[in-house]
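Next up, some structures in structure tokens.
Here come two complexes built around subunit A, the first alongside subunit B, the second alongside subunit C.
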Partner chain A sequence: MDNPVIATPLNAAKIDTDGLTVAELGHTSKVNLRGDFSSSTVNNALTTLLGMESTLAPNAFVSNGASTLFWLGPNERLIYTDSDPETIASQWRDQVGTGAVDVSDYSTVLRLSGPKVRDVIVSGAPFDVHPDEFKVGQCAQTRFGNASILLSNHAETPVFQMQVRWSFAEYAFEYIKRVANYV
Partner chain B sequence: MSQPQRLSAGGSIDRSKLLSFMFDGRQYTGYQGDTLASALLANGVRLMGRSFKYHRPRGAIAAGSEEPNALVQLETGAYTEPNTRATCIELYDGLVAKSQNRWPNLEFDVGAVNSLVARFLPAGFYYKTFMWPASMWMTYEKFIRKAAGLGVSPVDDDPDVYHGTYAHCDVLVIGGGPAGIAAATAAANGGARIILLDEGNDFGGGLLGTSDNAASTSYIDGALQVLEQNDNVRLLSRTTATGYYDYNYITALEKVTDHLGPANGGDAPRQRFWKIRAKQVVIAAGSIERPLIFADNDRPGVMLANAVGTYINRYGVLPGNDVVVFTNNDSAYQVALDAAAAGATVTTVDTRRNVSSELKSKLEQNNIRLFEGHAISSVQGSKGVESVRIMQLSEDGESVQGQAWEIVCTCVATSGGWTPSCHMFSQSGGKLKYDESIAGFIPDPSKAKVSSPNFSAGACNGSFTTHACIEQGIAAGAKAAAAVGKTASASSVNAFAVSEIAQGAIAPLWLVPTVHPVGEGKAKHFHDFQNDVTAADIHLAAREGFVSVEHLKRYTTTGMATDQGKTSNLNALAIMANIQGVSIPEVGTTTFRPPYTPLTFGAVGGQESRELFIQERKTPMHEHHVANGAVFEDVGDWKRPWYFPQAGEDMHAAVQRETLAVRESVGMLDASTLGKIDIQGKDAVKLLEMVYTNNWQKLAIGSCRYGLMLNEHGMIFDDGVTTRLGENHFHMTTTTGGAARVMSWLEEWLQTEWPEWEVYCTSVTEQWAVMAINGPNARDLLQELTDIDVSKESFPFMTMREGSVAGVPARVYRISFTGELSYEINVPARYGRHLIEALTEAGKKYDLVPYGTEAMHVLRAEKGFIIVGQDTDGTVTPHDMDMDWIVSKTKEEYLGNRAQVRVDTKRDKRPQLIGLLTEDPTVVLPEGAHIVAEVLDKPPMPTIGHVTSSYMSPNAGRSIALAVLQDGINRKGETVSLAMMDGSVHQALVTDTVFVDKEGVRVRG
Partner chain C sequence: MFIINCPYCGDRDQTEFSCHGEAHIPRPTETAKMTDDEWGEYVFFRTNPKGYHRERWLHDHGCRRWFNALRHTVTDEFVATYKIEDPRPPIPGEGGRS
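Moving on to the complex of A and B:
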């Protein structure tokens, strides 16, 4: 059999209009991690599995190149990783004993850049993305229209990422396309 | 001559841009910068519409958004908009408008006969007269609506696009007059994020309508320039704050391209709806002048004094060459001076007897006659003022006396004082207090709602001079900035002097007497122009015992029109207070409610219309289904293949073919939409024990079990198969529509009742793409694609195996919703398309048939498997569904357990699930058909049950149905009657619910 095609919900769709560029990232491995992130067990697991520290401010994310760790809640983190997600999940369960789930395909990631980005995002998100309030390195779970999203701020230029569930990806993409004309 | 009332100079209109427009079929011209109202007045058109109830001729009384009379039907066809205020329509070339409430035309209106029979149409008339008999109300209502009604709604789709957006700021300033601009300036200096909005197309508020005042104008212009250059300031003109909600959440409507005319806005949205969360709010909403209520005060040409001033100063239009100014305070004297300066012959009538010598000498210098202690006792002219009569007021103001003087005039500029616009403060939850010095209500900051912090400044706070407005604005802006931790410097505001006539000592005269007592004679004293409510109506309401102000409002409909009583409310309260012999604050105010001015539904919906109204969720295999001709069905918000018609097939034929194929060879169904929840943690099994009715302790790793979830009332609310992946690791499935509800249900219990349990629930619905393959050939087909040992012995029914399918990692669950040999192949969503293509290819030699949800429904009904939400409706227990087998007899507790022993849950003759076989096997009963205890000639007939699912089953070779029937389980073997809507009756045999393979051999094959 041929090598299976690795699909994403938007087939790498793009928007390139005046003041706004949007691109769907390629398939990204993601693991949802649960546990007590103040414990040494968790810290050790993060260090050995990902080479990362567990100290992370609420609503912040940190990257070491190979992996990016997002704060989702007091007992919940999300990682994007170049490593095999199933392996990380099962090793986490073995080492920490708490929840770990491969959620690589649950959602896709849109990368948004350009001067219109903030106005586009707040057209659908009741969340303050002003640079004083939502800084580079911060992330937040909010909504965009009816879609639950994980929003993160990656550069001052500005660059944002919007993680959206697979089945809502087309909706969010069309939403962005429509409001891009209006802002 | 065109535009006969246009002054030769002055105003902020652009005389180089001549615009042409149509009103009631006649062509007129105006200038860029005009409103429709100012352009009509420039053309000498005073009559702009008819009133709501009496069809009285009416003209504009205001120059702003408080206008009650001049409502027009703007534009035509799909772009038409009813009840649009001519005073707020910015003129554009080619504008088309029509007056309202008249038939056949404005000059001659048949409905005006209502005015002659006014004695028989008092307040409350409709409700009293047409309430009986109640059954006729629907008929009456049509005619009343037609006779009364305002404009006409468009019938075509709205061709415009709209934008909605959220915004956050430190300080929102509502109103861009002198107070608002000062507040924004003060707050912005300290670096606070500001939004300053104003409903006008230019900032400046009341100053825009005053005669040129160099000091204030240069202050405003300077301040605006600074604000425009500040990145932290957003200036929104043409934007009205429509509602003020809890925690400083304010909505505002921005008219983005309305002023350009239909279809001239390019790509820009027509309107934008702002949803603003502000840390602090400065309300600088200004004030609204009150009309004096005198006999026939509604004749076209009678206007608010400041409106006359605004038309002169801002638009260069003199509303009448002979102007009578009628006032009870000083502010209108400036209008008298402005009108005289514009060339009008002006007479001033003041109800007071103590006009200051300074004002008197100003009038004298401008040849303006002054009548002190006088009042207008009548107005001559019906389609427009021709003259007024004035008489001396008695000392107590209760009557007029002496010689009447007739003064020829075409415009009456009236001022009864000013009402602060407290709408926003009141909507924020604050309480008002009465200020005697201005005879009006103002915000009481000591009774503001703590959770919606705001500061009122300027005229809306009862301070009417420009100087006071700016000072209060600075103070409010500074306080708001300080409250968000920013410093504000007041030094940026230059001291300046301004010359203007302040309101001075107001002498309230709430109801101007005439030669007859109010309500007698032909004259009417209108206080609410838009709803045609008169002072006499308030007297009537009082006589009939309506004491509460809220009752008064509903009985007389005062304040209930689209203008929400902006010009009328205080006058109504005052008249009521006078009748009752109490003070105005004792009468109290009615509630201010959003929206402040009418707004379009389109704007509220914003971009979330059409395809974006609700998300269309699609599975990873969606495009493959499309390519294979699927017809889709909405399930929850998902698009699921309903059936796959082949050439020449209708739905029935396709579904029959798909249903047969599954039992004869093999079919495949996209089952990706089912909810999936990954459950982990050492207390995971405890959670399952609580949320399902059956036992989960002993489920082996790698095994699957069906479960039923009940709510607290013991009623079925979801079902699905859950599989044990590890000692403390489960994979739960839910119904498609119930996925989010179940997830919330689990989280709610975990977070509120069992927070100490270690259980983690993660939605994985979209992680997995799922293809179900069902039928005798399913095993052989799977065998072709997998490295899993699929033999009966090593992969039995109700187990799960991991391996590779079509070269990609997969979990295969041997579970079945069809009663056939079935496998549900789960692969990561990225391989969903790959999986369905591989199955399609490998399935060719097994005659693999893709099937949709309709065939799935038939297949499961053939086996008597329920669909939660179709065969259940939130009122059925497991026992009602004949599913006692799934309820544990040994568990101490599970959710819904205790409800099972409630009297009603245990009673006899509850409706229970049964099968039905019609006597005529070709009859497919309609779902919802009633089983009746007794067939009567006509309904109602005693109902004992109803059909929940009904299909033509090709595998049973006849129609089948599931139904709920009182005491149904004990009635198997009986024949029941079903009464149809068309009067026919079908007989059906009550059976068990399994119609195919009763022994359940096939699923275990």
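Moving on to the complex of A and C:
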């Protein structure tokens, strides 16, 4: 089946200035998973559905190419996936019996790269993104201005991803755009 | 500005959190038998101490989990934060009273 192009709140907007590149990712399928992630039932489900292990340190994420698994809380994970989110959610509910919700359209994802990225983020987030504290493979739910975000560190160059709620996407994007002039 | 230790996420800035009043107030079980005075006690009356206070906190912008904190209401010192199911940490200087 052909995937139709699905709208995102910023219509793939970009910022490209000296030392900072920001781009909104295309529509990303996301599923929020609840359950006891220490149980073998959950581990089996993750293995069969996504080919992933359930062991994940707090504030960390793992990716196997097709899917990315984020820690959101002791009994909560978020996945980005290339598969059909509805299918994964219903299979999760069948196999595990706890909640799984397709949250693809709750939020959008901004990819931030360039040497100024950390300065831009700390201008709005009360969170320490120093490379000694926030390493590649770590994620954190925090605040950017007034928007709740899920921040993740993907490469040392650096490359960060900021997941922000749909209704806050324009706000966060404008915030970044204005701050980029000062940092 | 100060740092609060979320039992799930670790040290985070206070602006990620919100406080929701006194902790360890059990919900009444036999509500149909309660008098107005008992309801008033449950709903409105708090210890409101000048000193160490056990409070419910929510990590709004983080993991969105509830936890308890032992905080001094004058100095804003956070003695401890602990999960809902954890034992209560002792109040400092009171011989381990919890």
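Methods note: the second predicted complex is superposed on the first by the 178 of 183 C-alpha atoms of A that agree within 3 Å, B and C clash if a C-alpha of one lies under 4 Å from a C-alpha of the other, contacts with A are read in each partner's own complex, and residues count from 1 in each chain.
The definition used in the following text is that contacts are C-beta pairs under 8 Å (C-beta built on N, C-alpha and C of every residue); 3 or more make two chains touch, one makes a residue touch a chain.
Since this is a predicted model, take the numbers as computed values, not measurements.
When the two complexes are superposed, the chain touching more residues of subunit A, out of subunit B and subunit C, is B. Residue contacts after overlaying the shared chain place A:126 against subunit B and subunit C alike. Once chain A of one complex is fitted onto chain A of the other, the partner contacts of A:27 are limited to subunit B, with no touch recorded for subunit C. By the touch criterion stated above, A:59 is placed in contact with subunit C alone, subunit B being left untouched. Within the superposed three-chain model, A:72 lies in touch with subunit C and out of touch with subunit B [touch as defined at top]. Applying the stated touch rule to the two superposed structures, the overlap between the subunit B and subunit C interfaces on subunit A comprises residues 126-127. Residues of subunit A that touch subunit B in their complex: 1, 3-9, 27, 32, 34, 86, 93, 97-107, 119, 122-128, 130, 132-133, 145-147, 165-168, 170-171, 174-175, 178-179, 181-183. Within the complex formed with subunit A, the subunit C residues making contact are 1, 8-10, 12-13, 15-16, 60-65. On the subunit B side of its complex with subunit A, the touching residues are 161, 163-168, 193, 267-269, 272, 275, 277, 606-608, 611-612, 614-620, 638, 678, 680-682, 726, 729, 758, 760, 762-769, 806-809, 828-834, 838. The residues of subunit A lying in touch with subunit C in their complex are 58-59, 72-74, 76, 126-127, 140-143, 148.
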